[in-house]
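For reference, chains read A, B, C, D and E in written order, and residue numbers begin at 1 within each chain.
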Amino acid sequence: QEQFVPVLSYRVGPYAAGGSGFFGGAIDYMNLVNASGGINGVKLTWEECETEYNASRGVECYERLKSKNGGASLVEPLATGIAYGILDRVATDKIPMTTLGYGRSDAANGKVFPYVFPLITSYWNQAAAMVKYLGDKSGGMDKLKGKKIVHLYHDSAFGKEPMPVLDAQAAQYGFELIKIPVAHPGNEQQSQWLQIRQAKPDYVILWGWGVMNAVAIKTAQRNGFPREKILGVWWAGSEEDTIPAGDAAKGYTTMTFNTPGNYPVLDEIRKKVYEAGKGNLDDKTRIGSVYHMRGVTAGILWTEAIRKAQEKYGKGKVMTGEQIRWGFENLNVDEARQKALGVLGMFPPVKTSCDDHEGSGAVKVQQWNGTKWVAITPNWVVGDKALTRKLLEESSAKYAAEKNIKPACASGA
Amino acid sequence: MFYREAGQFKTTYQADSQILPIRQDRIGIATLLAFAFLVVPLIASPYAFSAILIPFLIFALAALGLNILTGYAGQLSLGTAAFMAVGAFAAYNFILRVPGIPVLVAFILGGLCAAAVGIVFGLPSLRIRGFYLAAATLATQFFVVWCLTKIRWFTNYSSSGVITAQKITIFGYSFDTPASKYLLTLGIVCVMAVLAKNMIRSNVGRSWMAVRDMDVAAEVIGFRPMRTKLLAFAVSSFYCGVAGALYAYAYLGTVEPEAYSLDLSFRILFMIIIGGVGSILGSFLGAAFIVLLPIWLNMFAHALGLPTSVASNLELMVFGALIIFFLIVEPHGLARLWQIAKEKLRLWPFPY
Amino acid sequence: MSTAPANNSTAAPYLAVNNIEVIYDHVILVLKGVSLQVPQGKIVALLGANGAGKSTTLKSISTLLRGERGDVTKGSVEFKGERIDQLTPNELVRRGLSQVMEGRHCFGHLTIEENLLTGAYTRRISRAELKDSLDMVYHYFPRLKQRRGSQAGYTSGGEQQMCAIGRALMAKPSMILLDEPSMGLAPQIVEEIFEIVKDLNGKENVSFLLAEQNTMVALRYADFGYILENGRVVMEGDAQELASNEDVKEFYLGVSGAARKSFRDMKFYRRRKRWLA
Amino acid sequence: MTMTSTRKIGDVILDLQNISLAFGGVKALTDISFDVRKHEIRAIIGPNGAGKSSMLNVINGVYRPQQGKITYRGEHRKDMDTYAAAKSGIARTFQNIALFKGMSVLDNIMTGRNLKMKCNFLLQALYWGPAQKEEIEHRKKVEQIIDFLEIQHIRKTPVSRLPYGLQKRVELGRALAAEPEILLLDEPMAGMNVEEKQDMCRFILDVNDQFGTTIVLIEHDMGVVMDISDRVVVLDYGKKIGDGTPDEVRGNQDVINAYLGVAH
Amino acid sequence: MNISFFFEVLIGGLLAGVMYALVALGFVLIYKASGVFNFAQGAMVFFAALTCVGISTKFNVSLWIAIPLTMAVMVLLGLATERIVLRPLVNQPEITLFMATIGLTFFIEGLAQLMWGSQVHQLDIGIEDVPIQSLLDNFNISISQFDVTAAVICAALVTGLALFFSKTKIGRALRAVADDHQAALAVGIPLQQIWGIVWAVAGFVALVAGLLWGARNGVQFALTFVALKALPVLILGGFTSVPGAIVGGLIIGASEKLAEVYIGPMVGGGIEGWFPYVLALLFLLVRPEGLFGERIIRRI
């Protein structure tokens, strides 16, 4: 009895470092689950397919693996392009897709996107939380008035995603928002940072991806801009972003949906997986790194969804995609459950519903101390969720209209 | 062997200028087409349709377009993906904004928009050639993608900048199964391949090749380089535009402008070089090679049970090495290899 | 069919081509077993109609065939008693075997003088010696001296031809393969070129193998000749002997009977009699 | 040798006056005037680099002379335009063969007829109706030329595989396909043996005879030039040093000094 | 906008341009020698930087030992490329050779990551990337001392290469080879040897570029993208000119930065991706062979 998970990973190309960390984490956790007897006795199996972060190859991988070994339980491509490429397909094939911290923010509306789960938090909630954090940091939201915030973004759909939120909040709190795009891939940012130096902003929001992040930090340093004032998006907040920047990254802060640190589950992975020679990372020091931890988190949420589904449809049985979808929609990983799993505080409590495929929306802020990340907000930060909810409803309604979808909660299978 | 043309005499020029003058070839192609249209839909798996056959056909069409420009008219271009993007986004907007427009018409209009863009960006080719032109066509690539991300109208103000292709419905029949999408794509590709072949064997095609082989001489003979080159750009972009629309509608379903990145342009260029520059058959062979090889390698690497990161990197290396190997064996591409094989067959059992 | 005795000199030939077969593109058989010899210090002419395979023969000797997707599938080539089929052209030039290719092949972007200088690439010589060699070429081709600063791509056809020949001379070879040296040259230059050939042959003991369409002149200067038809040697012999052969006279020299006929009086297209085996 | 031609040579069809052409410091042509009469075979001779090819390039508009006037069929102009030249019936062959290397012999010759083809590319793409008819019609004409030049057996061969001499013949075919009024031939017989030259001469004479095509010919083989041309102009260093019938030119001391060397 | 800001942008652009030129140089070398547009140059930059870092971390040696070792590796890579890829492709059309270098790109990228893993690394070559304090204090102009050092290194490299090509007979031979492989062989130019030398030198240039860019942006796969920055430099300066690479780099760097700062905001920014290409294109319309490229000879 085996539950099959296709792994659409990328381990070559420009994003290989992140891909190997994330998928390594997810596989490590699945190994750990198997080492502890599986999910109520059901073992997990998986097969990897190299997508190269490329939409067309990702679709091929998805199609190749989706009906293998009794059918795919779920997919997680960790690539926006691939996620879009298979968005329609997962609904037809009835395979839930998770998009942890990326993808369409409005997919949190389960009435329109029954099979898509942007778990934990979406870009919009992140942006709202950023503003919240900056407000708190300035000593209260009212202190934001008259402040200057630069939104330095990757010039693509990804970088523009938070703009509706930021614009609304700028109007609400009266700060000045300066938007500066960086052309892909962003390996030269002298002109942007000169502009920033000129504008003398109070904060810079760094909405970057890939090499752009390290270069931004480096260029900030060479232009004498303090890194403490830079607040990166979570895709700009991994070791892969700070290590290349070297000393320049010290003091740099970013958002994250994992609290950095060590957790019992990581120790278990070290012991039961790596010592058994089944570890997925070549370099053991990367255990517990940001991407790895994100992968572990994904693994946890996947297994929890399967577990949940088993509770409803029969313990110890292999679940179908449709049943797991229900599991994802009824997740409840609260602190008690986290404690049981040995991950208390590693990510915010997640509770999903048909209306809310995201399940949380809370984030933390972390800072690079020169060697590792440390959380600098003791509690989870949540921004203006009413605002993001409104945007989400509008946007998903538009999608539904375009695609002729009648918004409705999927009935349990 | 049965591959002989002996005894087949052409009594009219019409017969002699057929697309396939040798009877065995005609039979072969007819069988292949019958197979593709009638048998494949019955036996292929959904995976084969939506992950291999459809992308193969679409890439082949785009490669055909690029081959018209690069292979026949001799203008090296790295902007293929941009033209595809124009086709896709234009088709999307036509369907969105012109109620009731037939999908095929929208595809054609999308292609025409791409052709218009092609003409504009083809203008420099009148002065610039070779790798200089290739590097300059990168301007098209970056500029078009930039425009599509910057001007929100093109993506209907979608917050993510991603368009969702509408359903393909023709005369009330909606193409939503992989098999039906495959047949639609196959139909379009076949028609366009025949049109391309016709152009190549008549005066337009000769004008392109003349300009490619020696533009000064072509001018002396009375071809006008400007018209010829721009026509090549237009036709090629049209093909790419239609391919781009199919890429969005029949393959991915949703696309963001970045899906039409430089990477895609290069992939299509690889296809024509591996397949055969200046050969219609080559476009298909090259597309098959570039689509299938990584998949095979990937499956093969898994079968070997190598650690995944090693496997992925080895795949890449083997892919690169195979490209080089094929070029060394036959610099003129798979199509030429095929032709040589046929010539050998004709002489068989004698070596020459 | 004339059967001049095969090379009757006792010494091993300077250059020997033994029964070579050449295939282009894996399928087109062009040379079907060609053998020929060039004794040291002699001028040998290779004659034949268009497409007979003269250029191919020369290219297979100088191993330049590889670059054109041609293969020598059978036979061997020996130069100074050693097999050279596997050597690189660079090594051949170092050993004293140079080729002047058909169709000029000058380096278009280099000036005439630079073209000539590249000809001396393989020689390790002082500036003064280099200059001497240049002067020698300029002495033979004064026209080149005038155009020394122009890019070869912009010079006239004849100037390019001179440049190509001059470039080969710069290597101071002991054996030169000349492919159609007279093509596109004005009559008195043609004479001059053959005088140069004679000169080099006489004074410096340079051997020549020349493929030439201008049979009249070629046979006048050559010691020995081969006639190639369709990739086979169909006739060989002393130059004088060949020149007096009736068939050769008719087809290659344009003299039938006693006198040369006017081109205007050729009322019929000539059907060549083929010496086919 | 006697002139046995029955052709009647007509009026001046092409008249070049005081043509000067320079490339940077190189004076390719200096103040050259000469004319070409209808139906005649006009030869241009001269040493290498004298400016012969440049002269042809001026006539069909590849080069624009800095000075001078060209009168063609009664029209005066400062210089020609390649397209206009082709359109008004000037066709040529080149010294360095300028065939389209990637195409077959047949296609190469077909390109010669492009100005006579009227169908637009959409019809051609459909290859149907008028387009097909047109294609076949022109194919017939081209086949006549192929027969005339006796190159039937290589019809479908890519030209790059042909030996030099045959390529020259194909190039002539391409020029003939345009049914030109004036045919400019730049060393059509270079690299040919006597027999092939004889054939080539025959072609030229026949074209001249049968179609009345005017021919301007550059050639280094004095035998050919003296035998078949009606009038000869001699260039040297970009200057005209002689003009007249072959016999006149042959006797001209300047020409002997500059070009012929010994009297032929 | 004030004048010191203008100068800041201008100088920043010029220095960035020098960095582009460094990469462009590698292209020029190989194009000059063989008429091949070496698509693998970006991959070689990545390979060099990664190998250098990989050697120094894996064997725990200092960078100053790793650099010469890497150089040896790059030379070997160059020679192997000549032997395995180029030699069998002599006299083939440019596009074929171009494609072969694309194959080479995949191979090198795979090889680099296979050997050293796909992690990102920091590369510290001991030059701090901070503004020069005196300039900042006195003129309020921020110029990184790293960039200035890089410019000096680049200038030295360009001068060296320019001399090498103009003063040695290899330089002339290179130009001959680029014109006509077949004829170059016929006059006895040892094509193999020349290509070997050039690829080895290109490997060296890639190493220098890799070290500087790696120190600047970190050693990661994205180093291969710097090739995209070098292309407009190359077409503007001319594929065949070493000084052209420098001048092109300066022009592209300065104008791209000025455009982004002064024109960018008007059209929504992010124009650095295409602006250099469009600029280069405009230059090409005036001079189709780039500023210093050899004129293309078209004659019949």
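For this structure, a couple of remarks:
Keep this in mind: contacts are C-beta pairs under 8 Å (C-beta built on N, C-alpha and C of every residue); 3 or more make two chains touch, one makes a residue touch a chain.
Not measured: the values here are computed from a predicted model.
Using the contact threshold fixed earlier, the set of chains in contact with both subunit A and subunit B is E. Between B-C and C-D, more C-beta contact pairs are found at C-D. Each chain gets a centre from the mean of its Cα atoms; the one farthest from the centre of subunit B is C. When chain centres are defined as mean Cα coordinates, D lies farthest from subunit E. The geometric centre of subunit C is 44 Å away from that of subunit E, both derived from CA atoms. Spacing of subunit A relative to subunit E, judged by their CA centroids, is 36 angstrom. Centres computed as Cα averages put subunit D at a distance of 49 Å from subunit E. Put simply, the C-alpha centre of subunit A and that of subunit D have 74 angstrom between them. In subunit D, the residues that reach two or more other chains under the touch definition are 62, 94, 96, 98.
Annotation for subunit E: residues 109-110, 113, 117-118, 228, 268, 270-271, 273-274, 299-300 touch two or more other chains. Listed for subunit C are residues 28, 154, each touching two or more other chains. Across the complex, subunit C meets subunit B through its residues 23, 25-29. Partner subunit E is touched in their complex by these residues of subunit A: 11-17, 20, 155, 179-185, 187-188, 190-192, 194-195, 197-198, 210-211, 214-215, 218, 221-224, 240, 243-246, 248, 282-283, 286. The touching residues of subunit E, when paired with subunit C in their complex, are 90-91, 169, 172-173, 175-176, 178-193, 294-295, 297, 299. Residue ranges on subunit D touching subunit B, taken from their complex, read 60, 62, 82-83, 85-87, 91-92, 94, 98-103, 107, 110-112, 114-115, 117, 119, 121, 124-127, 131-132, 135-136, 139-140, 143, 174, 178.
Residues of subunit B that touch subunit C in their complex: 340, 343-344, 347, 352.
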